[in-house]
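Alright, structures below, take your time with them.
Here come two complexes built around chain A, the first alongside chain B, the second alongside chain C.
Let's look at the complex of A and B:
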């Protein structure tokens, strides 16, 4: 059964399997394991960005198409649903109208983009998409009377998906991090720490929205996994490895590349819709900024290009780092300020400097782990397997010789 | 009908063919002439004749028709200002297009150098603000030279480091180049935050470069036109640099090698030249020019922040694609086109300036997929 759910594409590494299961359980039971609004928001974003990064990976990792306009399609979705809700009132029809309209727009624009520049070299496509994405961002900024301009717009979600929608019962959550921290810092008072770790989880529309996002993210991820392991996905890989040869084998590579751009764009649009509904407030900066496009690239590469699991790992690691690494670095920086000599370099470790370290990590990972975290874990697992088999073979041979 | 056309072709074929030859042979002049010419026509259309058919005398002209009230002096001011902006962008873009032309290395970290140069220039100008405030020509020139030189020195040195550490390991792999140089750009930007702090830095422009030259009303045609002194200076500096670059490329030995390298890297290597060294030199000069352009832009905007290079990169990319990747002449004309369209469209409808820039690129690409002046690679 797992074989058909994962489309035969197993993690192929014990560590990776563990990691993925941990992420899955963490996200599935998240609202009951991590208290606090930051954690809740982070989990929602992780679910959304798993879709966005995985669909980006379809282009970048599986086909070697570098696009900087992926966030533009994300923006189509986010602004589409926000504007529909704005114009038609907060109801579910508006959501579906927004979704449908932005999907249609995405298909058209992705096709045009494909026609304009997919025939030329990868590098050209990257540059042209960068410029076009920028033009779209300027457009959104300037059309303030419908998009709110730089101030962004509030997404008036239906009442059923907002915090105002309360169900009467309250469930109990167990703060895992708080409990672990308590046990480590204060191991004698385990009972008290355990009692304090329980907290109330209110059943409201926000929680409902989170689970909708989670289910959709899981479903779309499995769909993409299915896609890349289908004959279609194999052609994409062939194009990546040697486009000329793929064409010589009779595949119209332009069709395939356009198709993958269209599919990835539609998935990004769905991601954008979910983003708008989860965060309930969108600005050009939070949906379309060039920096965000770079972040998506970072997530994809650090997690592992060409492995869809990489997007799960990458998005999780990056978003957790974005929200929590700052605190850690702030601590390091404070500690260094107090030390002699080290305080000269304390500026490098400031709380706002987390991106510097991610940049360094990114460059290093392109050089030394071009397949990212997931690829590296798989390589290690494969090496171990080979060593074990080699040993078994060697043992078999010695047994034969002695026997 | 078709026979009619063909006979017409026969009679005026020479002119038409010559026009076609001009259009395809000198696409940059064609587009430039088209843009400036259309704008000039708009400028020369008299207000009343246009307004007459629709409007009664003295009635307010609708917003859409405001563009017909351009006037020649405004056109002149816009054109010079557009050239100033274009030339600053040209200085920034030239390095990137040459690096691509020579080694087909696409450096998306170029924006980082622009920001870095801007901050270096700003530091010098702020440090020597009493020189700039003195109003003496000597000291003002001194500030400018020091600021620009310092910016070029630092970004040039950074360029060496960047080429050796970041780009060298990924020659010949476009995908990795894009990724690694973007990582490099993030690091450069964060380093700016570490060194200069996260806030924007004001750049006090020297007193002599403030204000504008206003032509005397008695001057025919352009009487009353006002042009900022700083923009004039940018035009002069940009034109000098372009002339120097063209001279270097067409008249010196290095220039011959660069041209040969753009055509065929292997053939240059076969002749025994170390193309890697040549490339390093071009990369360093390109980075220094990016720094210079950034410093000039920072002084023009009078404020710098770490993200400015990122925003300027859009224009740089439009310029190098429109001009034809690898061509310095194409880069020059495309930069002027971008500067002009920004000013022209920005004057008519400020909101559309950014979109018009990208629109220009798309339009040129539809017509000539390789850009205005394609570089032939064998």
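Let's look at the complex of A and C:
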């Protein structure tokens, strides 16, 4: 059963299995475990970006197609659904029209990009995609009368997916982080801390939208896992490893490359639609910015390229760092301000310096774990297994000699 | 020499790299059941000629005919589909995949299952079985789960040959298959090539430097020099021809006779 759900592609590391289960449970029960709007928003973004990063990994990690236009397809989805809702009113038909239209546009543009890769290879292909993505961003900025330009667009979601839609009375959540923090800082008042950890969860349309996103992210991730373990996926690996030889074996690599660009782009489009519906406000900066394209690349690399599980871990780690490293650094900075001598360097730890520290962490992680978190965990697990087997063999030999 | 309608023909094949004519008007036809060795000094254009035949390069002029059909404009994968199989001189494998995965890719390309997005590749037991059979033929079955980049050079060479066998082509093109192999590994590969020849319906082309190998296996020898075909015929005749001896193989006649 698990074998067919995961397409036989198991995490192959106990730590990774634990991590993935923790992420899955954290996202599945998240609204009831972490209170607050920041946490709710972060979880929604993690679900969306798992789709975007995993689909990017199909190209980058599995086929070695470097594209900077991935977020353009994300933007097609986000703007497609926002514009459809704007033009047709806040109803579900508009959502499906927006989704359908942006998917159709994605397929056409991705096909053209894929065919372009027949003529333009490797780094030149990457540069061309960068230019196309940039052109699209400029277009969105300039066509302010339909896209809102730099100010962005409010996404008028149907009432059923917004906060005004009440399904039930409030349910009760239990704030895990708050409780742990309370127990650590105030261990004598466990009863009080426990009582305070309960919070109200409003059963409204936003929660419904979150679960739609979560279910779609899970489903699409499993679909991609199936894809990379299909015969098609094996050909992608062959192209990554040695495209010349794959051709000599009779694989028409341009078809496969085009197919993977089309599939990945469609998935990114779905990600964009979900992003617009979850955040209900989109700007060129939040959907198309070059910085965001680099972030997607970072999530992919930190998690581990060529391992789809890496995109789950990478997206989660990155988005948590992005949303909470600032708070953490702000705390460190405040503490340092109050200290003698240390207050001179407190500025280095300001909340707005999070990207600097994240950069340092990134350089260190790439240096020490070039295969990403997942790649490294798998290497360690394989080494342990080998040592265990070696030991078993050695013991067997001693037993033979003594026996 | 076995006779029969030629399967493969190189007709006036020429390629010109910015003024340097690497292969010049080479014409030659190959019948099934024959093994033809292509010899010549380094830089004679042997590998370039192979690239023209198997589609890695497109000729400046001339044609490649397979069963009388002009395939000069077809891409390398299209020619592979039509039965032209190629092994490379410089080892050219999928380095971060296992030996078995490499071989499965070669086997799988024959059944165009690559466009299957949904079924699980690992469950294609028939492909695995066939791949293991070819690995057994090149004596690599015990290495099936090794990652290729960590294999000794000789084993990589054997896998290179294994991939070509797994393609089950009609025309086998070996480019120095035994280069860099240890002495005790060479006979395994030579036996395999001899077996292909015995099947009578395959064309075998072999680029090889070791003259003893050439002499023992070949039905025919073609000599290339500076991109031109300078001799073509019976092995004994070609090898002993003084022109070939002195000018093109660089071996003084008395030494070659004593060898």
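Observations
Assume the second predicted complex is superposed on the first by the 377 of 403 C-alpha atoms of A that agree within 3 Å, B and C clash if a C-alpha of one lies under 4 Å from a C-alpha of the other, contacts with A are read in each partner's own complex, and residues count from 1 in each chain.
Here, a residue touches a chain if its C-beta (ideal position, glycine included) is under 8 Å from a C-beta of that chain, and two chains touch if they have at least 3 such contacts.
Keep in mind it's a predicted model, so treat the numbers as computed, not measured.
With chain A as the common reference, the superposed partners chain B and chain C fit together side by side.
A count of residues in chain A touched by chain B and by chain C gives the higher number to B. In the superposition on chain A, A:250 makes contact with chain C only, while chain B stays out of contact range. By the document's definition of touching, of the two partners only chain C reaches A:7; chain B does not. In the superposed pair of complexes, A:238 makes contact with chain C only, with no contact to chain B. Vertex at chain A: the C-alpha centres of chain B and chain C lie 70° apart in angle, rounded to steps of 10. Of the two partner chains placed by superposition, A:54 touches none, neither chain B nor chain C. When the two complexes are overlaid on their common chain A, residue A:109 makes contact with neither chain B nor chain C. After superposing both complexes on chain A, the closest C-alpha pair between chain B and chain C lies 10 Å apart.
Within chain A, no residue touches chain B in one complex and chain C in the other.
The residues of chain C lying in touch with chain A in their complex are 54, 56, 75-78, 80-81, 86, 88, 92-97, 101, 104-106, 108-110, 113-122, 124, 163, 167.
Every residue of chain A that touches chain B in the complex is listed here, in rising order: 64, 66, 116-117, 120-124, 126-128, 130-132, 134-135, 138-139, 142, 290-291, 294, 297, 301, 347-348, 350, 352-353, 355-356, 358-360, 362-363, 366-367, 370. Remark: chain A residues 4, 7-8, 226-227, 229-235, 237-238, 241-242, 244-253, 255-256, 259 touch chain C in the complex.
Partner chain A is touched in their complex by these residues of chain B: 106, 166, 169-170, 174-176, 178-180, 182-184, 186-187, 190-191, 193-194, 198, 310, 313-314, 317-318, 320-321, 325, 351-352, 354-355, 357-359, 361-362, 365, 369.
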